[in-house]
Amino acid sequence: MISSRSLHLTFAACLLLLLLTTAVAFVDLGAWGLVVNLTISGMKALLIGMIFMELKGDKGLSFFVVVLSFLWPLVLFGFTFADYLSR
Amino acid sequence: MTRKEARFGMWLFLSSELVFFSGFFLLYAVLRFRFMEDFQQASKHMYVFLGFLNTVILLTSSWLMALALHSTRRKKIFFLGGTFFLGLLFLGLKFYEYFLHAKEGIFPGFSVGISEKLNSGQELFMNLYVLGTGLHALHMIFGLIALASLLTLFYFHRDPTPDALERMGLYWHFVDLVWLFLFPLFYLLGVSK
Amino acid sequence: MFSDLSAYAIGFEKLSLFLLGVGVFFSSLIFILMIVFCLRYRRKGEERGGGPTENLRLEILWGTVPFLIMILIFVWGARLYMQLFQAEDHQQNVSVLAKRWMWKFYYPGGKEEVNRLYVPAGETTQLMMISQDVIHSFFVPDLRMKKDVLPGRYIRLNLHPLKPGNYPIRCAEYCGTDHSQMGARLIVLPPKKFEEWLKSSAQPAEEMISGRGRRLFEKHQCASCHREGDTHLGPDLHGIFGKEISLEGGKKVVVDEDYLRTSILAPEAQIHQGYPSAMPPYQGQFTEEELLSLIKYLKEGDHD
Amino acid sequence: MIKSWLLTRDHKKIAWLYLGTITCFFAIGGLAATLMRLELLTPTEWLVTSDTYNRLFTLHGIIMVWFFLIPSIPNFFGNYLIPLMIGADDVLFPRLNLISWYVFVFGGAVTFYALLRGGVDTGWTFYPPYSTHFSRSFVALAASGVLISGFSSIFTGINFIVTIHYKRAEGMTWGRLPLFVWTHYATSLVMLLATPILAAVLVMICTERIFNIGFFDTTLGGDPILFQHLFWFYSHPAVYIMILPGMGVVSEIVATFCRKPIFGYWFVVWSSLAIALVGFLVWGHHMFVSGQSPYASLIFSFLSMAVAVPSAIKVFNWLATLYKGAISFEAPMLYGLGFIGLFTIGGLTGVFVAALGFDVHVHDTYFVVAHFHYIMVGGAVMAYMGALHLWWPKMTGRMYPENQARLAAVVLFLGFNVTFFPQFILGILGNPRRYHTYPPEFAWLHQISTLGAVLLAVGYIYPLYYLSRSFFKGEKAGKNPWQAGGLEWTTSSPPPEKNFEEPVEVVAGPYALHARKGISP
């Protein structure tokens, strides 16, 4: 079972990451800004997924579904941009 | 039906929701790839503070929901009530923001005030913003309806099964996750320019 | 049935013959096997089916052999497809405008035809195609050639017919009520006759498309920023077509029809270096035909 | 009585509800097809105006794709048989199963209302900018109808995956699952991961039409190719949703009537999953001539070749099962053999169309129409009829008239070939698809095709007659009329409310039962 202490920690971590994202956004990183943005949101998503949604201790197949459902949009993005970048 | 099966079923549904939103994220990615500067110009019209506030509200509501799943019955009602209230607050702020944009005249479809002349790229950003956050708000409304029905079950002492609460929690965290990706992509774009 | 009207058509016929062979071979193989097995192993009484139920080598065999044949088909088809994208030195340059349920052709020297595409035999003609409204598709069955015509973007297609003749052109992408009536004729003339035709009824200069382009240019006072001498408001467009210019962000781009078209509609997308972005966007103020006339005017300048 | 049906939780009753709805939609779609074939008898317009013709082929497309082909085998046979085949009493989420039927009917009603009010004239593909800015028809209404029915697909997908994972009986390991269940597992994966993109695209089409937004309209900055990417990312996996269940049915039919296990069980299983997964990587072959970049077309063409390999493996495995089998030729077996033959031709022409050079000429012509009808009508609908005849005794407890059924199968096979083989030639000769009037030199091919369509219609209506008659007058069918393996044949027919009298204990695979002594009927 997830202890309520780790819930509070996750919440605090998410708020910190939020501050970090907004702070980073004020610095003009050009194209890298998007990459940083997405990694931080990805970390937040990972935290919430693991702790709040209890994927950490989950022995069932939920983890397999999560990986699959993140993989699929990448296929869509990848091939569509294969067209747009090489047009 | 054991807990494992309920979670697995809910995660399957959430993966289909994720693929649903990825359709709009693809639209965002391709249009941003084509209209980089316009997107940054248009993103200056966003109220970053309101967005930030909304993100904090949604994170807290997600936190309360997680706590609700792990607490005793009395605290559960309190936490779920808190989540419900924060959800309503989020929607209120969201529609207030839409109203501000409409007053500014850049809300697609109908603009209350003078319509600033946006070029096609900026207009696309506004349309995409409203479509993305609008669909997210729609999912919030479904979540709030489900949460309200759970709360009424508590009220009539026919407590909902732990599986139902579990599914509600998963759904709510998922909606919060989508917002976590929406916020930087729409609000924090033009801040640095 | 078999057309040898262009190099692409000949290549296509060879490929389709090979595909027919593969198709007939495999489908007859499977039909014959099926019939033979059905007859040979009919159930006589209440007996059970025997025979092996797995064989790894066989599975690998009928997995890889079809895949190899398909790779061969893929390579052959891809090589044929890539022929379309080789840059060919084209003599003629015809602009095509697809409108809902008709085709309009603009020839060099100002001639215009509706639903009639005149092309010299033996030479390459480059079609620069755009659609006024929805997606159409320029389909010449005899040349085994098809390319979708999109609104908002110039699509280029090289035609190289070998023999004179009169061939149908059809629209292959659904485009509304009269999609099936949107036909035209491709008339391939021997080079000499094509030249005569081109000169036969050239319209007066004013009436020609580039003439209309000049009138538009003056009507919208483009010259107030774009004229000889340095107005440091807009680059001098006289003879700019085909030159390589550097853009604001340091990128270099050749001034071609696409660049001119997008710069007219949304100027601040690709600003010429050293000039302010002061030009208003003309999105939605010109029809495709007017845009074409402006571009033709800029391309040919006023030396005719 | 009505309440027990409309609020039922039993997967068998829900399956019957689906059969009723699906048959109505099949009738509507079939009617539209016959009207079109009659109109195409003459090169010029004689029966319907071109505007009505456009609405007819759109109606035929939308109804057949979303309201017959996708739900037919999974939602009727899958719902009925998967719990029986894995030894469960019901699907894991019975309430969700009922909701999925109501969502399906509601979506169907909205779409039918849109088609009734005036129909849609954009083709089932809804290509912008025609569908968003130029079509004066009920596009948004029909699109929302289809969107709603998409949810029923997602719910069914969820239900099947969870049921197959967690509701298998004692001893029913993954290696002992019937192939019908495996193909439905693969189909459910595709349903789950592809249908949401359809919902997203249809939402975009509706918002673009209502608020005049420009995602796909070049004058407002969008790009129509982007729509095609999103649409075909759903629609190509959707064609695998339609064919995979058909393959599952044919595996069962061939195993049952050869009285031997399917050759290369694990290869057939892995090829089903491979079709489902690789099916997501190939959608670009619909856009070879549509202004997509040539390099992307190369990638898509190569992957389209790769996706054809598992289908080839399956066909060869069915053939190998026939080898040294004890083959009997009841009606389902005729449909199964018909499927193998026609699916082979459909698959081969699919490989041709995936070759870039060939596709440039035949794209958007009748060649493509013939190709996908060979797979859909020759494949999926042939398998649907085969399944109907194979499990009719189990579901109704009555036998259908054997010789009439065999006649119907042969008529269907002949009618189908006479209808759609000429269209291959029409396509090569350059007759574009969706043409209301066509050049006169193609008239004789269209006339043969229309003649075939009449035969086809007879082939479909005749079973409707004798199956419904056998529902009341057919002679009693025992537990296992075909001496088939599989758990569904061990319970009474029609099975009781909770499927099995005593708890089920599985000792051997579905086809291994053949190897041992025959089972008492």
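Note that the chains take the letters A, B, C and D in the order they are written out, and that residue 1 is the start of every chain.
Everything that follows uses one rule, which is that a residue touches a chain if its C-beta (ideal position, glycine included) is under 8 Å from a C-beta of that chain, and two chains touch if they have at least 3 such contacts.
Here the structure is a predicted model, which is why all the values come from computation and not from measurement.
Q: Counting contact pairs per chain pair, which pair wins?
A: Highest contact count among chain pairs: C-D.
Q: Measuring from the mean C-alpha position of subunit A to the mean C-alpha position of subunit D, what distance in angstrom results?
A: Averaging C-alpha atoms per chain gives centres 37 Å apart.
Q: Using mean CA coordinates as chain centres, what's the subunit A-subunit C distance in Å?
A: 43
Q: Roughly how many whole angstrom separate the Cα centroids of subunit A and subunit B?
A: The answer is 15 Å.
Q: What positions in subunit A touch 2 or more of the other chains?
A: Subunit A, residues with two or more chain partners: 61, 68-69, 72, 76, 80, 84.
Q: List, in ascending order, every residue of subunit D touching at least 2 other chains.
A: Counting only residues that touch two or more other chains, subunit D contributes 165, 193, 197, 219, 225-226, 229-230, 294.
Q: Residues of subunit C that contact two or more other chains, please.
A: In subunit C, the residues touching two or more other chains are 283.
Q: Applying that definition of touch, give me each pair of chains that meets it.
A: Once each pair is checked, the touching ones are A-B, A-D, B-C, B-D, C-D.
Q: Once bound in the complex, which stretches of subunit C touch subunit D?
A: Within the complex, subunit C touches subunit D at residues 1, 11-12, 15-16, 19, 22-23, 26-27, 30-31, 33-34, 37-38, 41-44, 46-55, 58-59, 62-63, 66-67, 70-71, 73-74, 76-82, 84-85, 100, 133-135, 137, 139, 141-142, 144-148, 150-153, 155, 168, 170-181, 283-284.
Q: Could you please specify the touching residues of subunit B with respect to subunit D in the complex?
A: Within the complex, subunit B contacts subunit D at residues 1-2, 4-5, 8-9, 12-13, 15-17, 19-24, 26-27, 30-31, 34-35, 108-109, 120-121, 123-124, 127-128, 131, 135.
Q: In the complex, go through subunit D and note every residue touching subunit A.
A: Within the complex, subunit D contacts subunit A at residues 165, 193, 197, 225-226, 229-230, 233, 280-281, 283-284, 292-296, 299-300.
Q: Give every residue of subunit D touching subunit C within the complex, in rising order.
A: 50-51, 54, 121-123, 127, 129-130, 134-135, 218-219, 224-225, 258-267, 288-291, 294, 297-298, 301-302, 305-306, 308-309, 312-313, 315-317, 319-329, 337, 340-341, 344-345, 348-349, 351-352, 354-361, 363-365, 428-430, 432-439, 483, 514-515, 518
Q: Would you mind writing out the residues of subunit B in touch with subunit C in their complex?
A: Touching subunit C from subunit B are residues 37, 119-121.
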